[in-house]
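The structure under discussion is supplied below as structure tokens; questions concerning it will follow.
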Amino acid sequence: MTKISAKAVLVAASALLICAHSVPAFAADGISGGDTAWIMTATALVLFMTLPGLALFYAGLVRSVNVLSVMMQCFAIAGLMSILWILFGYTLAFGEGGHLIGDFSRVLAWGMGTEAASGTIPENVFLAFQMTFAVITPALIVGAFPERMKFSSILVFSVLWLLAVYVPVCHWVWGGGWLADMGIKDFAGGLVVHATAGVSALVLASLLGSRRGFPRELRPPHNPGMTAMGAAMLWVGWFGFNGGSQLAADGGAGMAILVTHLSASTAAVVWMLIEWVRFGRPSLVGFVTGVIAGLATITPASGFVGPTGALIIGAAAGVLCFFAVGMVKNALKIDDSLDVFAVHGVGGLLGTILLSVLMSPVFDGPGYDEGVTMGDQLVTQIIGAVATVAWAAVLTFIIVKIVGALTGGIRTSEDEEIQGLDLVSHGESGYDLH
Amino acid sequence: MTKISAKAVLVAASALLICAHSVPAFAADGISGGDTAWIMTATALVLFMTLPGLALFYAGLVRSVNVLSVMMQCFAIAGLMSILWILFGYTLAFGEGGHLIGDFSRVLAWGMGTEAASGTIPENVFLAFQMTFAVITPALIVGAFPERMKFSSILVFSVLWLLAVYVPVCHWVWGGGWLADMGIKDFAGGLVVHATAGVSALVLASLLGSRRGFPRELRPPHNPGMTAMGAAMLWVGWFGFNGGSQLAADGGAGMAILVTHLSASTAAVVWMLIEWVRFGRPSLVGFVTGVIAGLATITPASGFVGPTGALIIGAAAGVLCFFAVGMVKNALKIDDSLDVFAVHGVGGLLGTILLSVLMSPVFDGPGYDEGVTMGDQLVTQIIGAVATVAWAAVLTFIIVKIVGALTGGIRTSEDEEIQGLDLVSHGESGYDLH
Amino acid sequence: MTKISAKAVLVAASALLICAHSVPAFAADGISGGDTAWIMTATALVLFMTLPGLALFYAGLVRSVNVLSVMMQCFAIAGLMSILWILFGYTLAFGEGGHLIGDFSRVLAWGMGTEAASGTIPENVFLAFQMTFAVITPALIVGAFPERMKFSSILVFSVLWLLAVYVPVCHWVWGGGWLADMGIKDFAGGLVVHATAGVSALVLASLLGSRRGFPRELRPPHNPGMTAMGAAMLWVGWFGFNGGSQLAADGGAGMAILVTHLSASTAAVVWMLIEWVRFGRPSLVGFVTGVIAGLATITPASGFVGPTGALIIGAAAGVLCFFAVGMVKNALKIDDSLDVFAVHGVGGLLGTILLSVLMSPVFDGPGYDEGVTMGDQLVTQIIGAVATVAWAAVLTFIIVKIVGALTGGIRTSEDEEIQGLDLVSHGESGYDLH
Amino acid sequence: MKLLMAIIKPHKLDAVREALMSDGIEGLTVSEVKGFGRQKGHTEIYRGAEYTVSFVPKVKIEVVVDEGTVERALETVRAAANTGQIGDGKIFVYDVSHAVRIRTGESGPEAL
Amino acid sequence: MKLLMAIIKPHKLDAVREALMSDGIEGLTVSEVKGFGRQKGHTEIYRGAEYTVSFVPKVKIEVVVDEGTVERALETVRAAANTGQIGDGKIFVYDVSHAVRIRTGESGPEAL
Amino acid sequence: MKLLMAIIKPHKLDAVREALMSDGIEGLTVSEVKGFGRQKGHTEIYRGAEYTVSFVPKVKIEVVVDEGTVERALETVRAAANTGQIGDGKIFVYDVSHAVRIRTGESGPEAL
């Protein structure tokens, strides 16, 4: 029998060998070429969301004398956050550590090389993918302070904010921290990305003060087409943001893309209809704001709902974010200039809550983890939301105070604001068309 | 013997197990990670073609007071068609049904979840990929009616058109309908996409009437650079359109990308040379129109020809579409404003016919299906083309009449046309650069 | 025993069969779906770098009356080089041939079809990927001659340059030529792409002469935001350029993307800081020039260094390219208008040299080939650099002389230069915004 | 000599230019301007906030003519620019004491 | 009638327009211009090269008023446009001999 | 005081500005305009259709000077703007009755 089995083993082993050979490289180490291909693509797509996507989206909404300053803020944040991520961000967010924060085991990704795996993809791909999230999240906050914040203050703020707000929340939810332990569901960053950015934007805007002329005498967006093209790129890039968060090229990623697209479509159409009814004509800026609202709102839910859930989330996002925009301006009287809180904050929180209902098979969702009821999930989601909002608000307040002290105030002078930051902060002009 | 075989089975099974483990997830269900990664990427690329690609391409060609309206039309169509697709479009096009139309088995993709497969990819990925086709096809028709059609009429038209023209033809050709049964070859939509859109554009434009001042006193394109950048994005996105239509990441997809690129290059260079000879200088708008002509023409053929065929198709596209543009304007005197018929209609039909010759190994093509001759294929292609053209023309005529009745005429007033639709239909202005 | 082994073989074979089936298509022929998916994506990304990336990047830097001409140059080069590549370029670069040049075995890719493989990907995908490199390299040179070179001369120059400079160097380094034999390391084109383009740009610019008003009375960039958005697209596309050069979807590709991103970020931040210190405010154009410098410099090294090496390369790129820009203008007094040499030439050479040090495990690099020391590698790199620079310089000089003879001088008249090439060469105007 | 400065609706520019040409006038200068008058601007609404755009796009035509041709030119412009609707614009006339053609140095009516 | 031509700082446009309106003036025309004066332009530095931008963005307001209202309008504009800082601009006044309203053909002060 | 209004070729702007400055003139205002004259526009062809662009880009310089400096300024502009080719442009001169510096309220020649 032993001999026989030896023979069989040999044959089977050679079967394996051929099999392994036919799927080279990754057979040995559990890394999947398909998954890796997709997450590298997704990484490119998420970078594309910030640059040029978000830069165009925001830059089109300001006065023409501030167009470059907004782009510069997005670029500089991208550069700085990336360096920070490889130094401390990744390791503190995803290093093992404890319930509250990671550790310093992966500073500079030292020794990670090309072989280390994270699930079925190389760890360096996971690190790069997460880096693009760490870039876009502080870049979202740019929408709170355009046209009037000092460039130096912006940079210092972003550095501190990444370390003190983004990294911890990221660890809590995705890095094995206390919210992960509780079973929180945040597929692609409703809390980690949109709630943190949205809440911090609101706090920062209220501390910074309004633009000259707010709210009655502002100039309309100088280039709505630029904004719309930025929104288009955000939309496309979001396929990588949500679809990539599956960390695999499979039906889960496919479903995330599908529901992402449907939510964006629905929220935008709903926003268009509201404007049509209220103002007599639907605007392009409105439509694309609806797109972003739908995208932000589906983000936490995109791995946990089906198409039916996506239509509901989209419709809710369109309605709620529309009214939130008005409320921040008119009731709170805070000049969160490009509506970061009303769109991303409200959207991210809304999706985080709604998913606990829409996961249910009743809405064609995949259902709950074993032993978890809708009510359980809802409670967990609410705890996560409250914790994230509170943490982001308090820390942002403290950081702004520190930044003010470090950079001698965070606001440009009135004269500089009139002249526009392109010239004042960067010595350039946006358009010389003659 | 039984014992021995049991042992062998065990060993082999464990071989399989390890093998399965090394290629996780998909080993079990026939879904390929590589194929899925590629089709998700292709889905993003095709969405990218419409938004921002086509929106920029078209928006640059109109007057500056209509730039936003064109973009808005592309966006609103994208949103509405996506919702329509998940509700009824996909199921009617790809649900089993009969020879003429699908069925209602997949409304809302109910129950599809993350496990259902379509070939080697998740069905939700196939659905999403096809959704982006259902978005771009009606969006192409925007080129027929800019600067003068009511926004409400556009939306109603697009909804009816998708259901009555696109969905049936899609089912005939790709959904197992009567043209598929006949062995029609339409790799990525020469008939389904370009012929339907092109023909319908011509009919709609002739019913709608010309822009004020057509053809002598029009303003030149307000932003040719915008148009060119849109064309660039269409070009890149088309790799997903044609390469994705292989529904796999293999040599077939690779060849589709290669021939797509070569046809675009050749058609553009030919267009440039014609302009150089006729007008003394080649224009950027001409070059990029050639790019689109080459892309539209190779579309149906991109899975069935080699590089040599691609150069021939590209050259034919450059010549024919160039002259078609002039003919529609001067002979037919129809203001198909951005040349949808001359470029997409003529291109799509040309490619559909040419492929029956260029499939031949004589042109380094892959050859015909077993038992099919060049003549057979040609006849099939002609039948498909005639049927598609006739269906699109007649249905579009009927739909336009219905839309006219529903929305109280489809055309804006002369005053509104003078003022520009950005302000009139959407209450916005495109550029505030001072 | 024979019977038993027969049974075992059968079982194992069926295991194999199922295994093969579960990873369809490619199991049989060694083609990996994941790798193929990634390289097709990378191909799209590299095309995206030229169109629209580079076109926007360059077009924003010129006067508004030349914006379209720069775009047209990028497009026309893309079209022509692609046709040239399928005819002669690919086969001369990658056909077996000898130490100096390939052969004519693959003209028109005749017979390649969908089955031929190149490593684990279809050969047609490899050909297409390399085609996008053959497009962007001559397109980079556009930055040397905007606003004053005849369009006909540009086209003839580019055709000759591709065949006489790019194709041979490509064969030497990547096609199995003499530099490959020596063990040169050029992961994604520090020599093949950036050094050839940079050096040739310098030679061409000096032969062509400066723009009217250089260096004191030039107009500032007409649209820095356009330039920045082009840079953003180049950045994203570069993930395909460097990550794709691994020709597989694995940890090597992932690391290439990671270090690419880090080098871009670091170089840009360093450039920003230098400007801040020297001029009192950091500019957007400066930041994005730093991005490109960081990207060009990491290109040859991107498969051979770790994150630590990337930060060092980025910092070196930021400093060196910054000062090189000034030196070309002020010391050499050559109007290499958009700094192709200072950014791409200097960057490409710098990275080529630095990698021989940073490969070392001391810098968390992967180490050297067996039996190769740091010194050995350095010598090889220097030989490669010197050979490439010399070849590119001499051949460009000769080609420019030939082009001058063929097209009756390569420069437009002063009147034409004043009027702008959009109108003069292409009969179009860039902006009609009223 | 007199300078006629006409503020008209942008889409009437070509009609006015052609009318003046058939009157034998050979030169004129045009600027893009914004007007404020009985014809009001509009409001644009972005994300619920109203922005008032007080000004309407207009075109300003400046044409210097010989004393003798003033009346006729004035009537020509008026007729060509008239749509009968609010916002049609105005024509203002004032004296020009010198005119010089840069290329030749000719001055006075010959310079026109 | 007189034409007041005021070159002012762009951000003062709305203030001047409102001030003139409350003076009862019903129409004016605005152009984007660039000015050169005591307030100097600036230099922009791109990739280390200096570009001199000699001109400063300004707005030109042209308003034709009845003789009687000139002084008042002049003072109104001056007050509204004044910031006390260099570059505030100038007001020039000159005679207008005719004014015609295109829509109605009215002429003289009624046309304003 | 007199206002010189010069319509010139755009690329001559810097030369004219510098020439006026060395004449001691300290302020001027510039607008982008489009001209129509002996120098004709051009046609652009897009996808085979011809579009006539009747106008040529020009720059309008307005400078108010003291009576005594008019002749000299006029000659300075003419010389600096002259290329000897068609389309070089015109200079028109007319009377200005008032000039006020907004910042200080100075009026007359001191305001310039």
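Here the chain labels run A, B, C, D, E and F in written order, and each chain numbers its own residues starting at 1.
Heads up, the rule we're going with is that contacts are C-beta pairs under 8 Å (C-beta built on N, C-alpha and C of every residue); 3 or more make two chains touch, one makes a residue touch a chain.
All values reported here derive from a predicted model rather than from experimental measurement.
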item	value
Classification of the chain A:chain B interface as same or different, half of numbers criterion	different
Inter-centroid spacing, chain D versus chain B (mean Cα positions, whole Å)	47
Inter-chain centre distance, chain D versus chain F - centres from mean C-alpha coordinates, in Å	17
Multi-chain contact residues (two or more partners), chain C	4, 8, 11-12, 15, 19, 23, 26, 32-35, 37-38, 41, 219-221, 224, 249, 279, 283, 285, 427-431, 433-434
Contacts with 2+ other chains: residues of chain F	14, 31-32, 44-46, 53, 94-95
Chain contact graph, described as a line, ring, star, complete graph or other shape	complete
Chain B residues touching chain E - in the complex, by the definition given at the top	434
Residues of chain F touching chain C in the complex	11, 14, 42-46, 53
Partner chain F, residues of chain D touching it in the complex	1, 3, 14, 17, 26-31, 64, 94-103, 105, 111-112
Complex contacts: residues of chain A adjacent to chain C	3-4, 7-8, 11-12, 14-15, 18-19, 21-26, 31-38, 40-41, 43-44, 47-48, 51-52, 55-56, 59, 67-68, 71-72, 75-76, 78-80, 82-83, 86, 108-117, 121-125, 127-128, 131, 151, 249, 424-434
Parts of chain F lying in touch with chain B, wherever the complex brings them together	44-49, 51, 53
